[in-house]
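In what follows, chain A forms one complex with chain B and a second complex with chain C.
The block that comes next holds the complex of A and B.
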């Protein structure tokens, strides 16, 4: 188990890269640190590894307080974003390096390197230098080196971001399977929400050195705790529309929607994922709980289209995005109506989740 | 008529020079440049030619001529008691200084490159500035005084330490540049696996900056090899004097240079440095920037 309490890292010059952060990561868990660029993910990972000294707070791995221990005594292995394979050593020597430090005899460590390499289908490449490997192969060598060191914790800093889109999907599946097999606690940094949702057992969404939400992928996707997480998670950004709870109904962008019980009157933010609404090209009969607007943009997503509606009324001049199945996309400039699916919208007040609607 | 015709003028302006006069000027320019480029190297080649021919000439003069072939010059050189031993002394002093310079400069440059020391750059520049003074003519009196007090007069060590002191700042400066160019993630990666600072230096940093170290070693050897003033002043015993100093003794009693000895000795004296350059350049290649070869 890794537990961080009150962890703060302030760089000279006053940048608070991590801001009194508390977090617990369970044994064997695949844990993702997700957040936009510059939010402190790498700094947090490096602090856990011991490459940065925290300004305050402490770090425990298992039962040991490692806050003041040097990196080499924390029993962690880190895969850097640029892989940091030693350019002057061949693949065998790179994979065997952690064992060389542990003074394992040459024959034993080379055998171990060969075994680890074959597990990651690297056997053909043992004699090559990192410069003679493709990005995907380098990534696997870096993983093999981490595995060979037999740590209690893996720390991965965006290990997939240097791969091209197709390879990234393959590597993602591979990584997930590998982690299941090894069952080693893994902390994984990424700024790609899709990657985090796909890989992680739990996700911590970070912003400006703080944790905005911790939860399983379905928790952070279905019930984002605040509008930051709501906007950050999801391959198409969630619609966040300002509205009011008034006279027992929700007034949002010209639509009047039923007010869920227990919501007090006042301003709210109405969150609706583009996937959770249906678009029609005529007004739904006998109802006024639909948004309306003119089709401004249609983007092809492959199996679906992302349609952006421009609201006509001046007082509610907001863009609304909806995902429409293949073959049902409306023409540009035509009027369209959007009906939210019941129970799928989220209501926020003071940037906190109230309930779903 | 042409003056009045803007179309033709505009057209000619964009075409490359192709009229007869432009063409001649272009050709003359090329010929002139080629001639200059041919003559300049000849200028530098003449002394080398002398070095290649005079040692084998029965009657060497300061002009280059087709030699009347003989090996007698080398024979009489061998009769000089100090000639060969001076080359050995040169080797000891150059090798010793190069070893000290490479080891100390590598350690200092690594530390300066990786640790944030306030005023680090200022320190380096001041050292660099002073280094030309430290072993230069200006400091010879205090250096002599210091060497006397430390009992280093007439020892190889005295010469080695003095010359190394002068070379170190520039060596640190150049090596620091090499080390700045190698990413820290290699070292951090090794640190996470538990490598100690000395292991990191030995396993990672030194192999990565090896071309830089080779450059510094060669540069130090060449510098010491050519140094005259410091060994001349610090050494009394001609049996310890390096080649550069012995070269200066190859005169007749009357003070006339013995060109037969000087030319033969010059050849022997320059060969080791040339061989070293070729060897190191083959093996490592000289590069002053970007120490990593991926």
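The block that comes next holds the complex of A and C.
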């Protein structure tokens, strides 16, 4: 288990990259640190690795307080974003290098390197230099170097970002399977919410050095704890519309929606994922809980279309986005109605999740 | 031309001394320059400061001054002696000290440029594996840095070969001093003697440039 308590990292100049952060990561967990650039996720990973010294707070790995230990004595293995393979050594030497530093005899470490290489299908490449390998192969060598040293924790810094788009998907599946097989606690950093959702057992969403929410991918996706997480997670950004709870109803962007029980009157933010609403080109019969507007933009997503509606609402000109199945996209400038699916919308007040609606 | 042929043994002897000066001070300045470079990238401010001061003084002082200081200051005033009876051994080693001290400052700066070509991630990867700073430098950084600066090292070596002529100032009987002596002995053959010595230097320097250029391409680090 990795546990961080009150961890703070302040850089000279007063920038707080990590702000009194508490976090526990269970044994064998595949854990994602997710956030926009500058949120402190990489600094946090580097602090766990020992490449940065925290200003205050503690890091424990298992029963050991590693806060003041140098990187080499923490029993962690880091895979760098650009892999940082040693270009003047061949693949075998690269994989076996951590073992050489640990004074493992030559025969044993070469056997270990060969075994790890064959697991990652690198056996053919053992004699090559990193410069002679493709990006995907370099990444596997970097993984092999981490695996061969048998650490208690893997730390991956943006493991997929240096691969081209097609290879990235393949590598993602490979990485998930590898982590399952090895069952070693793994922390990885990513700015790509899709990558975090796909790979991780749990995700910590970070912003400005703080953790905004920790949860499983479905928790974070379905019930974002605040509007930051709501806006950050999801391949199409969630609609976040200002509204009011008044006279037992929700008034949002010109629509009048049923008010879920227990919500006090007052201003709210109404969150609706574009995927969780249905678009019709005539007013839904016998209902008044639909948003209406004019089709302003239609974006092709391949198997679906992302439609942006301009609502003629009196206060501010709100935009509402909806995902529409292939073949059902409306024409530009035509009127359309959007009905939220029951229970799929989220209500926020003071930037905290109240309930679903 | 006859003068050159006649004095060939003297000329060859002179160039042999040039080669000896070059090789000995080349090796010493390579070692000392590497130590200086290590000091200048070390995490200890005292070492960094000392390295910087050394490089800035030696690099900005004319070589002639340094050699004369070694000959007169070290040799005559401070009485640093390498041989009790053989003056030529003394002047050889005193000028070697001067040449090495001077060239090491340039080796240090070239090597530091080489160190800057090695991505920061290399040092971090080494550190996270458990290497100490000296180990990181010796096993990961310097091997890559050296490969990056082979060609500039060739230029330094060429400069060193030619700089050995300054040792004539304190009476080392290398090529430049011998040439001057031969001018005195053969006043009618100044141009041929001059051309002979110039050719001698070309024979030494040209292959160095070619060799280092080829080595640089062969040893280059591909990332």
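The rule is simple: the second predicted complex is superposed on the first by the 355 of 357 C-alpha atoms of A that agree within 3 Å, B and C clash if a C-alpha of one lies under 4 Å from a C-alpha of the other, contacts with A are read in each partner's own complex, and residues count from 1 in each chain.
Methods note: a contact is a pair of C-beta atoms (placed from the backbone, for glycine too) under 8 Å apart; a residue touches a chain by one contact, two chains touch by 3 or more.
Because the structure is predicted, anything quoted here is derived from the model rather than measured.
When both complexes are superposed on chain A, chain B and chain C end up clashing with one another.
In the superposed model, A:78 makes contact with both chain B and chain C. Legend: residue contacts after superposition of the two complexes on their common chain; A:49 is shown touching both chain B and chain C.
When both complexes are overlaid on chain A, the residue A:88 reaches chain B and chain C alike. Applying the stated contact rule after C-alpha superposition, one finds that A:104 touches neither chain B nor chain C. Overlap of the chain B and chain C interfaces on chain A comprises residues 49-51, 70-73, 76-78, 80, 82, 84, 86-88, 97-98, 101-102, 129-131, 149. Put simply, chain A touches chain B in their complex at residues 49-51, 70-74, 76-78, 80, 82, 84, 86-88, 97-98, 100-102, 129-131, 149. Within the complex, the chain C residues that touch chain A are 119, 121-122, 124-125, 127-131, 135, 140, 143-144, 147, 221-223.
Chain A meets chain C in the complex at residues 49-51, 70-73, 76-78, 80-82, 84-88, 97-98, 101-102, 129-132, 149.
The touching residues of chain B, when paired with chain A in their complex, are 183, 185-186, 188-196, 199, 203-204, 207-208, 292-294.
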